[in-house]
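Report on the structure given below.
Chain naming follows the written order as A, B, C and D, and within any one chain the residues start at number 1.
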Amino acid sequence: MSEQNSSAAAQDDIVRIEHVSNSYYENQLGIFGKRKKNQVLRDVSLTIHRDEFFGLVGESGCGKSTLANCILGMVPFEGTIEVAGMSYGKANRKEFTRHVQAVFQDPLSALDPRRRIGEILREPLDIHGIGTKEEREAKVKEMLETVGLDASYATRFPRELSGGQRQRVCIGASLMLEPELVIADEAISALDVSVGAQILNLFRKIHDEKDFAMLFISHNLNVVYYLCDRIAVLYYGEIMEQGGAKEIYDNPAHPYTRILQAAIPDLKPGKEKKEMAFVEAKNARPWVEGACPFYRRCPRALDECKKAPPLTNIAKEGEPEHLVRCWRHS
Amino acid sequence: MSNKPQKTESNKGKAAKAQASSKTASNKGKSAQPRLHPTAQEPNFISEGMQRQVSAVSPEKKTKKQSAEDFREFIRSGRLELLIGCVLVAAILLLSLGSILYTPYDINFMDITSRMAPPSAHHLFGTDNMGRDIFSRAVTGGRFTLLVAVLTVLSSTLIGCVLGLFSGYAGGIIDEVIMRVIDAVSSFPGILIALIIVTVLDLGRFTIIIALCIMFVPSFTRIVRTGTLQYKDAVFVRSSKVFGASDLRLLLMHVFPNIFPLLLSSVIIGLSNAILAESGMSYLGLGIQPPTPSWGRMLYEAQSIIFKAPWYAIAPGLMIVFTIVGFNCIGEGIRKKYL
Amino acid sequence: MAEPLLSVRRLSIGIRSNKKTYTAVDKVSFDVYPGEILGIVGESGCGKSITAMSLMGLLGSGVSVTGGNAFFEGRDLLSIKGKERLHMNGNRISMIYQEPMTSLNPLMKIGRQIGEPLRLHTDLPEKEIRARAREMLDRVGMRDGDKIFKSYPHQLSGGMRQRVMIAMAAIANPALLIADEPTTALDVTTQAEILELLRKMNRDHGTSIIFISHDLGVVGRICSRVLVMYAGRLVESGPSAAILGDPEHPYTEGLIASIPEVEDRGEDLPSIPGRVPSVTEEHAACPFAPRCGKATALCSKIPASMRNVGPDHFVWCHNVHGGSR
Amino acid sequence: MKYISRKILILIITILFITLLTFLAFHVLPGDPAQLILGTEASPEKVEALREQLGTNQPLLRQYTSWISGFARGDFGTSLKYQKPVAELIAGRLPVTLLLGTMVIVLTLAVGIPLGVFAARKQGTWIEQGVSLLTMLGVSVPGFFLSILFMWIFGLVLHFFAPGRFISWESDPAGCLRFMIWPALAIAVPQTATLVKYIRTSMIDELRSDYVRTARGNGTPENTVMYRHALRNAIVSVVPLIGMMIGEIFSGSIIVEQVFAIPGIGRLLVSSVTSRDFPLTQTLVVYCALIIVITNFLVDIVIQLIDPRIRLTE
């Protein structure tokens, strides 16, 4: 996605997420037990532009997959989420799915073992009753070509395919309905490095041919820096930093982003990165209600951090926005 | 595979990257190398049956360890059980269904002259205390017992599937309520339920089927429910939900086909349990009512003259055992093959 | 160079499935020197885990060593059995695994499990074993060790369980620790802490470590020397700086090139075409030949011999110009 | 503690539910019980008198409440056939069935567990295949057919015991045991076969698990791996199934008591059913269901004690 393409595209947002929070109740003792409330997402707001690769990065348990489920309408949440002007509702559930599709992490369990690849790819068309039988077969064949698989794979079963090939089928299936948004939830985490690279190239190649926005969710900062135009760093359900991938790579503002960046083992043994680590688990600060979620383990915490910091834009005029949630930058 | 023209990209790249890619670039420059080789050329994933043995292996002499391993694989494949099972069940079915067309003697014909005769050419399994031919009665009895078993299993599987799929998929309160009812019903020992039903309804032919059906619904419900819970959150179910599939479609097109192999093996094993239960009930006089013969009833009658005519008990007994072994073998074979 | 602690010579492992034996590891040889951290890198199915398992004698049914030997403290790890094996495992050589969630006995308290190696290999009194186990918890950086000592595995997080595994593996002070992808299932930040812990253990006790991973970055960060494996064969070995900075074998180059980095923004990643051949597929002389940009007719006929291309840096490839050993 | 109190609550609800279910089965579903008992020709007055005695002419709810309160007080009404209070009848026969049940359980566990472990240990050899063939046969033989065979071979032919002549525990404990061993075996064989199958499968799963690999990696000898690690985890996963088998054992005893003419609850139940003795049958049904429910409850508690994963931390 070369630089000049995204700024020229019309700036209308394909996805608007405003003040989304979500929590689930863990009832410990069945119907009679008390219900413990676990807050997952805390007032998350972000927009994804048309035709953009948006990266959402964070460690496991930070709520990034929950946000994906909220967008797909699988999980209840407060706040509003609109995709291509439509918000999810019981009434337009089927209509809504034509605009949002997803690719999941584990290619092994993402395909029904009892169905052939051709049937899996045709299912979206069957559900929405698009085109005649021949048209659907043609579309399936064409999609197999697009994702770099031979048409003969249509009659094969998932167990006869390798991990990389299965993920290609999942990507193909998610594009059958030509959605405006595709959510890739850790799409290459379960794959080997060389296969992952092929899939990343596939995303880029398809993105040239069809126009769709992609929410790329990953725990690997390097992949997100490589692939995405804009990224958001999520910690404990809150957005810590958000902005252009290049800008954030060059000067990561939030301490957590810097720690994430330093923690990723880099290929060049020589290049010493500014060592930055969590506060040791042993002497993490006690939990303070309403404080910045990162207060407990932030190596550069101040007293004000006991109050929740605002999300402030530290970008100079004219430059794309670069939001940070940290008192050191407000 | 048409290769769409590559979009030109700037040639910047780190030292390692440039060095690496120039090494891997074939004749043309870096940007011209087709990044995404059509995977069709790659050695396609050869399915189990077609792979070739690797040349680097020592000549094929089976060491003890290798033959032990082959034997273990043979057991795991379950082909042995399937074989035995099919042979036994085929024999029993042949005899029982054959009895509709032909039985050596009429089941109620009493040959007073040769009462309690030992097994002989005339009477394959001998005769009972009233001179009736045991073989004919055993074979005809088999037909009724099998009929009852099949009907019971079919009906209870149907109900079990509906309950299991629904409570497994719906979850929450519905699941809790259905499961509490199932637990309560299954806390009655099977025979007990049958006894209640039989006392309450008069002893028609169908009371035993209803009784046995209620006895088997809990176990099938549990099997289907566990299967549903296992597949309900499978990724492929979630991805077809994202395609926009309705809950019903998910259940019938994705969840059920994946539960089916396990269900099939439990149904067949259920058949053998149904036969066991039915013959038990008939033994107590609460199952198939005389004069229609049934294996259980014959065993009850044989008990009084066991000393003088032991073959009267052994014949139906062995018929029951062979049928049940047959069905259990098939069920086990299917379970091993599919799971 | 001092006397190697472990020297593996022409190790071959075969997998048996429906009446045929396939070669999963084909004549692999390498040395491990005292106090060294050796990395073994390769994608899934290259045989790195099976190699480690064969050293510990933990190969499952259907998988067996078909050749070669591994000399460690005067014994051949591939052929010792019974008493000798029991004396070796957990005492002189120990192992940590990839899945911390399932590698601990769910019914046994943590403190008791950590002490197991001492109970098996020493005749220390129970009280002493408990004290040492408790002390190990602190050494692996666990907060409130008393509470954890008495708790059960299901009450701990993935990172904490991996620390317990390390404590268990290190308590008998073995000479060699094999780590089979210990950080793959963990978060990036937890991974950094576990790597630091392993490095500290190597520094303080001189325990040599064989670190197995599919992540070149992780291996580059913690290992001094690296072996690169592909489809059951060694393709390159040498100091990690040389392997990462100046790879010679086409596969290693391709692997490094396909790791996404910020510098590659806006361009396609030079990915290796095709896929890793499965064990059941027939291998050409050099298994990478079908996917290699520089493959010649020679490559698919004669197995590549070992070439020395730098200080302690060897490559198994015909198209690399270097003194053949 | 909260966990146990919740379990007790569910237990009480299940018991109430069972009594309701039984009550409905006997009083609502059929036509008129009195009519059924006396048959169609009986004179209307006699039917009316019986209905009065049975109390089936009162409104349903009152019938149920009076029956429940009676049940709680231990007054289960009088048996029509034996004209004796049901409580007395049960008191006489319960110990016999309980003795039989305990013998079966002891036999099943004593033989089943070691055999299952042995089969798992000899995995992949002829011996294991032999054991699974045996278990296949064991599961397929109906209890009453086995009883008849035992009666014929060990009773009539080998005279190990006198079939049909029950020796009560009070009169001659040794004789009673010698007699009861055969019906116990007849019930135990299928149950043992099932237990062996469960234990073997779950042992094999445990032996393939990661923590067993860790134990072997620590240099644990095979025996210790087998008994201290694998077996304990296998038992924990098999205990719930043992709970379910109690129900099977009970229904098995109902038939076997009939074959061996043992004066236990099972036989009483069958005779009360055939003679349509409503109060007796109703009470016996509830009694049997209670025994099963309580044993399942105890099994749940045992599971909670031995498996820390289920035990809820405070």
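Note that a residue touches a chain if its C-beta (ideal position, glycine included) is under 8 Å from a C-beta of that chain, and two chains touch if they have at least 3 such contacts.
All values reported here derive from a predicted model rather than from experimental measurement.
Of all chains, D has its CA centroid at the greatest distance from the CA centroid of chain A. Compared on C-beta pairs in contact, C-D and A-B come out with A-B as the pair having more.
Closest chain to the protein centre (all Cα atoms averaged), using per-chain Cα means: B. Spacing of chain C relative to chain D, judged by their CA centroids, is 53 angstrom.
Averaged C-alpha coordinates put the centre of chain A at 43 Å from the centre of chain B. Each chain gets a centre from the mean of its Cα atoms; for chain B and chain D, those two points are 26 Å apart. Computed centre separation for the pair chain A/chain C is 32 angstrom, with centres defined by C-alpha atoms.
Multi-chain contact residues of chain A (touching two or more other chains) are listed as 2, 30, 162, 165, 198, 201, 205, 267-268. For chain B, the set of residues touching two or more other chains reads 9, 16, 35-36, 39, 45, 69, 72. The set of chain D residues touching two or more other chains comprises 124. Contact residues on chain C toward chain D in their complex (touch as defined above): 56-58, 60-61, 85-91, 94-95, 97, 99, 102-107, 116-117, 120-121, 152, 154-155, 165, 168.
By the touch rule above, chain B contacts chain D in their complex via residues 68-69, 71-72, 75, 180-181, 183-192, 195-202, 272, 276, 279-280, 283-286, 296, 299, 302-303, 306-307, 310, 313, 317, 320-321, 324-325, 328-329, 332. Chain A contributes residues 1-3, 59-60, 162, 164-165, 192-198, 200-201, 204-205, 219-223, 225-227, 245-246, 249, 259-260, 262-270, 277-278, 280-282 to its touches with chain C in the complex. Those residues of chain C whose C-beta lies close enough to touch chain B in the complex are 14, 16-23, 26, 61-62, 64, 66, 244-247, 250, 253-254, 256-257, 261, 263-264, 266-271, 273-275, 277-278, 280-283, 290-291, 293-294.
Note for the complex: chain D touches chain C at residues 124, 208-211, 213-221, 229, 232-233, 236, 306-309, 313.
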